[in-house]
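In the two complexes below, chain A is the common chain; its partner is chain B in one and chain C in the other.
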Partner chain A sequence: MDASAPPVLRRRLWWHVRIALLETRFQFLSSLRLPAFAVPTLLFPVFFYLFFAVVFQSGGASLVAPTYMLATYGVFGVLGPSIFGFGVGLAQERDTGALLLKRTTPMPAGAFLFARVGTAAIFGAVVVGTLFLLAGFAAGVELHRSQWFSLAGIILAAVLPFSAIGLAIGAWAKQQAAVAIVNLAFIGMSLISGLWVPIYMLPNVMQDIAVVFPTFHLGQLALKVIDLDLGGPVWLHLVLLVGQTAVCLAVAAAGFRRFSGR
Partner chain B sequence: MTPSERPPWRRDPFIAAVGIAAFVGLLMTLPVPEPADPPGGPLPETTFAVVDVAVFDGEEFRPHRDVWVEDGRIRAVGQRLRLPDDLPRVDGGGHTLLPGLIDAHTHTYGLVLTDALRFGVTTVFDQFTSPSILVQKRAAREDLSRGNEADLFSAGNVATAPGGHGTQFGVPIATLTTAGEASTFVRERKEEGSDWIKIIWEDGGTFGADIPTLDRETIAAVIEAAHAEELLAVIHVSTLEHGLAALEMGVDGLVHVWGDEVISEEDASRFAEAGVFVIPTLSVRVAAAGESLGPDLLEATAPEYVSPMQRQTLTQTFPRPVGTSEASIESVRRLHAAGVRILAGTDAPNPGTGFGISMHGELRLLERAGLTPAEALAAATAHPPAAFGIEDRGRLQRGRIADLLLVAGDLEGDLTRTTAIAGVWKDGFPVEAAWATSPEPR
Partner chain C sequence: MSSEPPSTAPLARLSGVSHRYGNVLALDRLDLEVREGEVLAVLGPNGAGKTTAVSLLLGTLTLQSGAARVFGSAPDAAEVRLRRGAMLQVSGVPETLTVGEHLALFRAYYPSPLPAARLLEMAGLRELRDRRFGKLSGGQKQRVMFALALAGDPELVFLDEPTAGLDLDGRRRLWDEIRGLKAAGRTAVLTTHYLEEADALADRIAVIHRGRLIAEGTPEEIKSRTAGRVVRCVTTITAETARTFPEAAGAETKGQHLEIVTSQPEALLRRMFARDPELGDLTVVGVGLEEAFLALTGERGPDGNGAGPEGGS
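Right, the complex of A and B next:
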């Protein structure tokens, strides 16, 4: 290898990191300035948790409900920013031509994706942080330190599979349709996967359908940390999650090829 | 403005690092559970909780439960209970907590109630003892103060013929001969404090003897008289034929399974339809057949936990083999399959059995007869009190007496773990494990 290569490589790597972080900053700021995005994604899960887990459960004999809902509303909390950011945001940028403009700049495609995922993760972290504070200091939930960290880790990792869903929708749907489809997916998947109402309270048919959705598997993995899951093996949830994410990415790739060929 | 012109604290990597640090810091401040002590040390008493333990509640196994005991009674059982911060806690991780065992067939004398308690048997249903013991022990059943004996419920003086089975122990007991004496006999037992009536139907045929026994007419009359006094009537039989005849007479339960032949599936169904319960006492049945579990139980238990009397009775043998263990175990299998309620009982301290310790063998024998671990444990916890109409024990349930057995391991997967005793509580008080005061923790 050429003697001058390492510094150059280092410089290029740094350049990529800087671009990615910069794009994330701007993506985050623009999302924050879009109340239609920021308000529901931040407030929905927090208010749900406040009412159903803190207010309704105060003084209860058991902490099962607030603990259970911490896991499910946490997953719900990252679902919003992930699929709205990609699903609606991407469709919008494509239809308005902003995406085409970005493609003419030297910005690598990786930075674009990183910024979207990063923005969803930041919003997700804010939601998770708020939910955890409410759970720990208002609802009375107590977890072992390792459980707090595992739960936070699993919930934030959910940004990746959820972003893939958003990407698949955003790659195909027109802007107006994307809003409807994303909302449908957001509400439908949350409900069927037991993120709003515990899954064991739902009819068995819905439980069977839920297996199709990544939301179900993320919910179960998060609940496993606190011993409240349905008892499926971790590896099976992971295998299905990876498979479902691969399908979403393939669908998204096909959508982009169609867009580029037009 | 390009990034390089920003002051360092406004640069993206710095902001990202601060954000991540803040998030981790938040996770570090969130509340964690109050520390719980592992069961190795001294155990708390009367008011405490066993947390994150697998429970057997009397019916089924449930993982990750908290059990909250208050003033010697169970206050709550559930997941993630909201417990007071200052409540003493035992960490139940890797352990199973179950109601104290109930031996539904024993005979009480000497220190046997202490021996029973050390092995997690917190209540015994005695099937023949001196009425004076019965009166003496009665108060302790309701009393939740510290004690070192299992609670006693008893038939007291059995209904047997003069010179019959039960009269050979050198203690004078009341007997009867004719059906006409039945109602007086039963009323006297009730006044004496008998909790139910036990009838002996034993002519000695199965062990080559010829001993006097009650005739059928008298047995039927005693059953009827017991029911008139609102008492249960249970019966000792040694043969299938006598068991079926007692069933026809309206008996409530059998305190042994026979050892002479295997019951047919049709006859087993008749027991189920009549709602008659059976206490097979397989421990004594296999011992009578010459296959006592005594040596196995002694080998599995550290010597300092076995009293001299337990050791003595466990190693005793019957003079000659009576019946076969196959006939007894296969009959229990069919009775259980037909839906008959099976209760665990040992007939301790007969030869080959030991008070308390043999209940752990009885559970294994019931498993051998086709009961699942949960069914075998139900036969030793929730079912005996239900069958005998006693409501304050046998389940991990709000309001029940805190008679508890904590064992290391998962009983659902391995029922032999019942001998890995990590703690016994009677009325919420921890019980000393060794028979003599021993400095060695278990």
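Right, the complex of A and C next:
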């Protein structure tokens, strides 16, 4: 922090940071204690990887499949906590009135968003860390150090666009509907974008549809680190990702405006 | 009761506020004033516009027309939020966090919060600090929401139907806590459709009906506004019919009995005996707040003069 900043400003900044961290801590604790959230988001990607990449492929000659799946299941592992946390969590807080109550308090809106993104990132990091350990020690995947880091970075950055999808759903849907929509988005986007089954094994039509979803672009960017992507240029993936995220945020903002009766 | 000299500048105020939800006019040029150090009860039946009025003072609803000021600022201004607490009608907090954790989070929002131990004490939650919110009873949850409203040691507290859904015991407990607030010099706005609650707690009552302020004053003043009588009897005359009588200010069925508020009990009774000679179990008493309220809201049935929202426009 800048020592020359006026003390009032520094105090305000510290206040914001403190609330953001506290909100994150309690958001994380609250999610961890919710088996319906914690169990599937932590265990699904790890079990899938263990089954398809480690057990299924053991004794196989090629390390291509376990390496490929490390990238795609990694992205899948971050998708869960991001869209469930925002989509269902936010819808629930709207339904119960918790969000309305917080709006009457001095809590900065930024702290609320930070806490949910932060919680998704922590869950995502746990999943990615576990997948990396499984890949390195059980499946025998070998990558350069820079590739491990790039892969981890891209996968964790996926928290942002995925959270935007969750935010858009949670800003509009009621809790019960949100559970259904988020599950559909979770499974549908993962499948179509080739996070479960390699995309080149899917019909061409599905590849064309996949371009619409951020999950596809994140999957491709992660696969590019290990040279297993379809070959699209990085800038195009990034431009589309930014555009899709902007659309989600606009949809979410419209939902919040309607919610406050404007 | 209070030795403080009354302050003239209101702490919060709605002036000429109208609010529509689609075709429904929820507030109709409402004026409401909250004075320092008082407990103001906003009293009205369901759908009267109480929650809309409170939401506008909390800034959770956007003002459509008129003016809303709290501490002289816009209701959602940052400095207003620091000095105000709220207990909303429909609200819960995440069920997987404990009472103590929720309090810790809310206390962190404010520069000089009340100590956690004091909040637990005030809301009668001492033994429940480590209990998860989801594991609490309805009354205990309400008490947590009450403690959260007070976390920042606010000068002004909004309590939107705080005792709705509570049993008698829970209600009495919360009443004691609200009285404690007043003793501590805080200002509170309480919405309720429990008339005895307004009578028991408020210094001043604002009666709202169909989005309009129809009466305002101390509980005694509100009662004296209808210096009438309540006629109570068992009869074949229905409440709907009774409301059409010119002498009747309001009528309601209470179990087997029909209760009619009137300022001309003799004329009313002559009319009623003419219709139902078998009329029995008759009592005529002075009005309580409940009857006064019935008269003030002037429930005169569908052909009455109140142009309600359901009548369209």
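Throughout what follows, the second predicted complex is superposed on the first by the 256 of 262 C-alpha atoms of A that agree within 3 Å, B and C clash if a C-alpha of one lies under 4 Å from a C-alpha of the other, contacts with A are read in each partner's own complex, and residues count from 1 in each chain.
To be clear about the criterion, a contact is a pair of C-beta atoms (placed from the backbone, for glycine too) under 8 Å apart; a residue touches a chain by one contact, two chains touch by 3 or more.
Note that the structure is a prediction, hence the values are computed from the model and not measured.
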Chain C versus chain B on the shared chain A, clash or fit after superposition: fit
Which superposed partner A:G140 touches (first chain B, second chain C, both, neither): first
Included angle at chain A between vectors to chain C and chain B, based on C-alpha centres and rounded to the nearest 10 degrees: 170
Touched partner set for A:N204, first chain B, second chain C, both or neither: neither
Touched partner set for A:I122, first chain B, second chain C, both or neither: first
A:T105 touches, of chain B and chain C: first, second, both or neither? second
Partner chain(s) touched by A:F149 [first = chain B, second = chain C, both, neither]: first
Which superposed partner A:D227 touches (first chain B, second chain C, both, neither): first
Partner chain(s) touched by A:L22 [first = chain B, second = chain C, both, neither]: both
Contacts of A:S62 with chain B and chain C, given as first, second, both or neither: first
Superposed model, chain A: greater residue contact from chain B or chain C: B
After superposition on chain A, the shortest CA separation from chain B to chain C (Å): 6
Common ground on chain A, meaning residues reached by chain C in one complex and by chain B in the other: 18, 22
Residues of chain B touching chain A in the complex: 3, 12-13, 15-16, 19, 23, 26-28, 30-34, 63-64, 76, 78-82
Touch list for chain A against partner chain C, complex: 18-19, 22-23, 26, 29-31, 33-34, 93, 96-98, 100-101, 103-107, 260-262
Chain A to chain B touching residues, read off their complex: 17-18, 21-22, 24-25, 60-64, 67, 122, 125, 129, 132-133, 135-137, 140-145, 148-149, 152, 227-228
Residues of chain C that touch chain A when the two form their complex: 21, 58-62, 76, 78, 81-82, 84-86, 88-94, 96-97, 101, 104-106, 108-110, 132, 145, 148, 152, 158
